[in-house]
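First chain A sits with chain B, and in the next complex the same chain sits with chain C.
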Partner chain A sequence: MIGNIRDLARKWLEDKEVDAIFALREQNGYLAPYLFTNVDKLGSMEISTQYRLSYTCRPSKENILSLMQRKEPSTRIGIVARGCEERALIELAKRSQIDLGKTKIMGIACTQEEAIECKCERPYPDNLVLGQKVEGVSQDENVDALLNKSITERLAFWRYQFSKCIKCYGCRNACPMCFCKDCKMEQGVFTETGWLPPEIPMFLFIRFSHISERCIWCGECEKACPVDIPLLTLFKLLRRDIKDLFDYEAGMDMTQEAPLLTTLDEMPMKEELASGI
Partner chain B sequence: MVEFEPKILAFCCNWCSYRGADLAGISRIKYPPNVRIIRVMCSGRVEPEFVVKALSSGADGVLVLGCHIGDCHYIYGNHRTAKRMAILQRLLGYLGIEPSRLRLEWVSAAEGSRFSKIVTEFTSEIKRLGPNPLKNITLQNPTILRDEKR
Partner chain C sequence: MEYKNILTTCPYCGAGCGFYLQVIDGELVGVLPCKSHPVSQGKLCIKGWNAHEFVGSPDRLTKPLIKRDTGFTVASWDEALSTVAKKFKECEESHGPDSFAVLSSAKCTNEENYLMMKFTRAVLGTNNIDHCARLCHASTVVGLVQSFGSGAMTNSIRELEDADCILIIGSNTAEQHPLIARYILRAKEKGAKLIVVDPRAITLVQFADYHLRQRPGTDVAVLNGFMSVILNDGLEDKDFIKERTEGIEELKKTVEKYTPEHVEEITHIPKDKLIDAARTYAKAEHASIIYSMGITQHTTGVDNVISTANLAMLTGNVGKPSTGVNPLRGQNNVQGACDMGALPNVYSGYQSVTDEKTRAKFENAWKVKLPEKPGATVVEMMNEAMKGNIKAMYIMGENPMISDPDIGHVREALKSLKFLVVQDIFLTETAQLADVVFPAVSYAEKEGTFTSTERLVQMVRKAIKPLGESKADWQIICDLAQAMGSKEFEYGSPAEVMNEVTSLTPSYGGITYERLQRGGLQWPCPSKEHPGTPYLHKEKFARADGKGKFLGIEFKEPAELPDEEYPFILTTGRTMFHFHTGTMTRRTSLLNKEVPTGYVEIAPADAKRLAIIKGEFVLIQTRRGQIKIKALITERVSEGIIFIPFHFAECAANVLTNPALDPVAKIPEYKVCAAKIEKVQGTSSY
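Right after this comes the complex of A and B.
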């Protein structure tokens, strides 16, 4: 698999299809994002499920790709992307964070083991270049367990889960969709600063409501969480609802605008579902 | 035992619903005194955080009132409210707060009686649901929660 990716990257660079390839590089046993411009260095290119290229870099709160595009707007960048990364790129492009016209996506499919490990529902990109498409995992025991709970049990469950929060901001920092320079979670407007655990449920609710319709269910927040709060459970449920309400899925179609950014005329809501539960 | 008197917070848009509430007052139409009105310039100003903040600060129910679709002073402000509140209701349900504690209605400046009808209905609905459980969680000392295992 990695051999094929290196070969294709070499071809793209030699044919001048792209000026650079953005991928992971192994150095001294560690993986880090690297911009390959020289074909001789392609031997150190790696792929990993542990590290996504859409990872946000701090403290500028800017995505690596958008940072590069801002510094060097004319460069054509090839990017090695899994299904989730491709969805992140599409969603970021919709929100004017990156320019997809200047990028060429090398879509790679995840293996069945990787899909099960991530509980990924769609472990392949639209623009599949390398690898075999495998079926995603549609069942998630956390989601089913939450849906089987009564309303009071749900509150008790989240109360315990949220009380574990150590306010590390890991979920926000890892999220490819969190790109605001001024973050509401840091301001004292809605949550009082200086408390641990932070205000229940407001602190984490801010992320749930902000990311609701743009979540591309990559699961980075849940993986980043040091105290194992099942954040992805809520995002998966919200995604189902948004699909029911607006027939919209984040990161799928570049031409489809996000429901919360459009009017009811542009993207109607199914009225019969709007008021009730 | 004293009957439970809920606290209800209503976000009214400046151009329609607030005028509607004003009309209800001028016309001497009765409605329950449980409602506290906050005037916002547009129902689109009501962020989901406002609703959760209200609920965790002691409100038992939140009403969001805006202009009818098509009548918004800012053309599309209430379109966004409609979409946002639909998502928020579901999110509240998953978090363990009854979604019916939040209600979105359209009230025009001429509908004083409709305003009073909505407030009356909503108050009896919240009375049926009882006090908001979120209130106790937030007001408790946060450090107690850490020792609980569930």
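Right after this comes the complex of A and C.
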């Protein structure tokens, strides 16, 4: 698989279909995102579920891809993307964070093991270029276990989980969909600052409500959490509610408007989109 | 466009987390946690996530400064270096080598600390070198050497996850070592028992099976109480004691006096709670002790440390995974700065300066005669400066004007120097007093290694070019040594320095940059084939006879107790959101949003009695000085106790603290002094 990806990346670069390829690079046994512009370096290109290229970076609170696009708007960037990464790109484009017209997605399918590891329902992108689609994982025992509990038990469960929070903001920092410049989690208006654990449940609820219909269930928040709060489980529950309430699924369809971006007249608030709120 | 990620090691606490610095076209844009890092595993704390921000601060020093009549003026490197070389030479000629004192830095790399150590001993000709380890874990180095023969964390961070019982005494782990707290919580969720011994209701208390709230400064009594319960119940590990240790009779004789009733009188911990907690610790298959400055920063710091070692040996909890005595080191490279011999009595690898054979080895390697007498420690340096015996100081990456006890005294001491050189990335409170300031670079602009609290030596890699004309500390030291005429400081890179370190330091013998590129190595690592050592004292202890040593320790009261005039106990520490003297964290926007300034924690009952409301400014006074500070009313402290974090220059806790020292480790008693609270008339923030 990686051989085919490197070959295709070489072809895209040599044929000038793109100016650069955004993918993972291996160095001394460590993987990290890298922008490939030189075909001679493609031998170090790797694939892994370890890192998502749709990662948001601090302190600019800007997605790394949108940061690159803002710095060089004319550069055409190819991006090696799995299902979750493609969903992130679609939601980011809907919210005017990136220009999909300047990107070319090299969609790759996850293996069955990878899909199981991530408990991913849709382990492939729409623009599938390389790899074979495998079945998604529809059951999530963590979700089921919680749904079988009473409301009181569920509340107690989440209260305990949130009490572990050490306010690293890692869930927000790692989230491809958290890009508000004026992040409400940081503001003393909503929760008292400088205190551990941060106010339960308000501190984490700010994020849950703000990205409830943007979440593309990549699980990066949960992987970034130093105290193992099962955030992906929570977002999967939220996603069910959003689907029930609005018949909306994030990241699936570029033309489907996000429900919480719609005014009462059902027109998206374009001026807010443009200002990146 | 160039976008890359450079793997490096976090510059804050001693946990040694790994992250990438994200660089676009030579500009630092963010931090990305390293998912395959053995400790941090793709997670970071709030400080780590924001560790790139201060690097580009507009306050960074970018040119050398020389103080003239009109204040600081910008100078060339040539002028700054030749000025310092000339002054140092003059000082040596008129006052001798022991008129110098040097503070090295736990923020700098191993290579830089080694070079500073070599410069002090080989070029200046004195052993007067120390650094802030004196203020945090000097008691650990001295105490654990007496008990075990090695003064470092015995086990590894990840092993905590598999402990059956974790005893935390004097460590606010969730706030000061958040990524270590991760493994404590994981252990707890797997069923481990958690015992917290702390006067404050620290964050982890909410998960503790037992919270023993001792009167500050009574740790020896608490630990002796644990041991008396264990011996009384016959829960000691008799085989381990017989085969691996000596001195049990001496210990028994001492601790039998510390009955739970007697301990309750001294510590105010209810005796039943003490008994239950002691039994829980003793019955665990794998029990780990974690401690930090709550144990070490006392006039009885060494006694406290030895008591933790006694307890671990009594129950056989040393020399196997998920056990041990685990001092958590507060700075990214405080372990390394000690390992490199930035201490007045030892060369790298804790090799004594008074040992003739060792001294001959270093004399031979450095081609110079070396001083024999151990040098002065941090607080002693300040005292000697006051007396006029120390005339010149060279301070690298330290800020004693905030970090040392009794700052008023430190200011007088530094002002009484004839010549002060400070090397830093910012014009700190200390640098403002300097005659010459050398602009150094941050961790993001240089290469080297840091050694974390679990003895893990890891790479620090250069992500961006140095700002302005600033230079890496190792280059500045080499330039200065050469300006003073030394030929022994010609290194092409930090890797060459490390090669010299490994050739002279047995515990680092097998460490090379080539090996470190693929991941860290835990010392002792004596040879190129050695995989490193996850836990110490497996078959024998590091003492000469291979045995662990029990020492009977009697409880002693702190140096200054509350009285009628100063009725409160003041204890100091850090917060989650800032680091030490704030030079880096107070230049980080999110951290300032969380905690913009200092505060004093006052118990609700005390606040009510003194009619103090939340947010009100109060005057805190001790025999050293006074500060005006905002009140925070909280049950985190109990009645009669107040707590102040020491990061903030405008309300510096160390104006108040007592410079009384542990007699052996010379660590000041930051954790206990007597204080009073007064209302400030007519002020309120509301």
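The working rule: the second predicted complex is superposed on the first by the 262 of 277 C-alpha atoms of A that agree within 3 Å, B and C clash if a C-alpha of one lies under 4 Å from a C-alpha of the other, contacts with A are read in each partner's own complex, and residues count from 1 in each chain.
Keep in mind that, in the parts below, a residue touches a chain if its C-beta (ideal position, glycine included) is under 8 Å from a C-beta of that chain, and two chains touch if they have at least 3 such contacts.
Given the structure is predicted, the values throughout are model-derived calculations rather than measurements.
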Which superposed partner A:199 touches (first chain B, second chain C, both, neither): first
Contacts of A:163 with chain B and chain C, given as first, second, both or neither: both
Which of chain B and chain C A:254 touches, first, second, both or neither: neither
Chain B versus chain C as contact partner of A:190, first or second or both or neither: first
Chain B versus chain C as contact partner of A:151, first or second or both or neither: first
Which of chain B and chain C A:2 touches, first, second, both or neither: neither
Touched partner set for A:212, first chain B, second chain C, both or neither: first
Which superposed partner A:234 touches (first chain B, second chain C, both, neither): first
Shared chain A surface residues [contacts with chain B and with chain C]: 163-164, 196-197
Footprint of chain B on chain A - complex, ascending: 146, 151-160, 163-164, 184, 190, 195-197, 199-202, 205-206, 208-209, 212-213, 234, 237-238, 241-242, 245-246, 259-260, 263-265, 269, 273-275, 277
Contacting residues of chain C [partner chain A, same complex]: 1-5, 7, 20, 22, 24-25, 29-36, 42-46, 48-50, 52-53, 174-175, 178-179, 181-182, 185-186, 189, 203, 206-207, 517-519, 575-577, 589-590, 593-595
Complex interface listing, chain A residues touching chain C: 20, 22, 27-35, 37, 50-51, 55, 57-60, 64, 67-68, 71-72, 75, 163-164, 166-170, 173-174, 186-188, 193-194, 196-197, 223-228
In the complex, chain B residues that touch chain A: 47-49, 52-53, 56, 69, 76, 79-80, 82-84, 86-91, 93-100, 104, 133-134, 137-138, 142, 145-146, 148-150
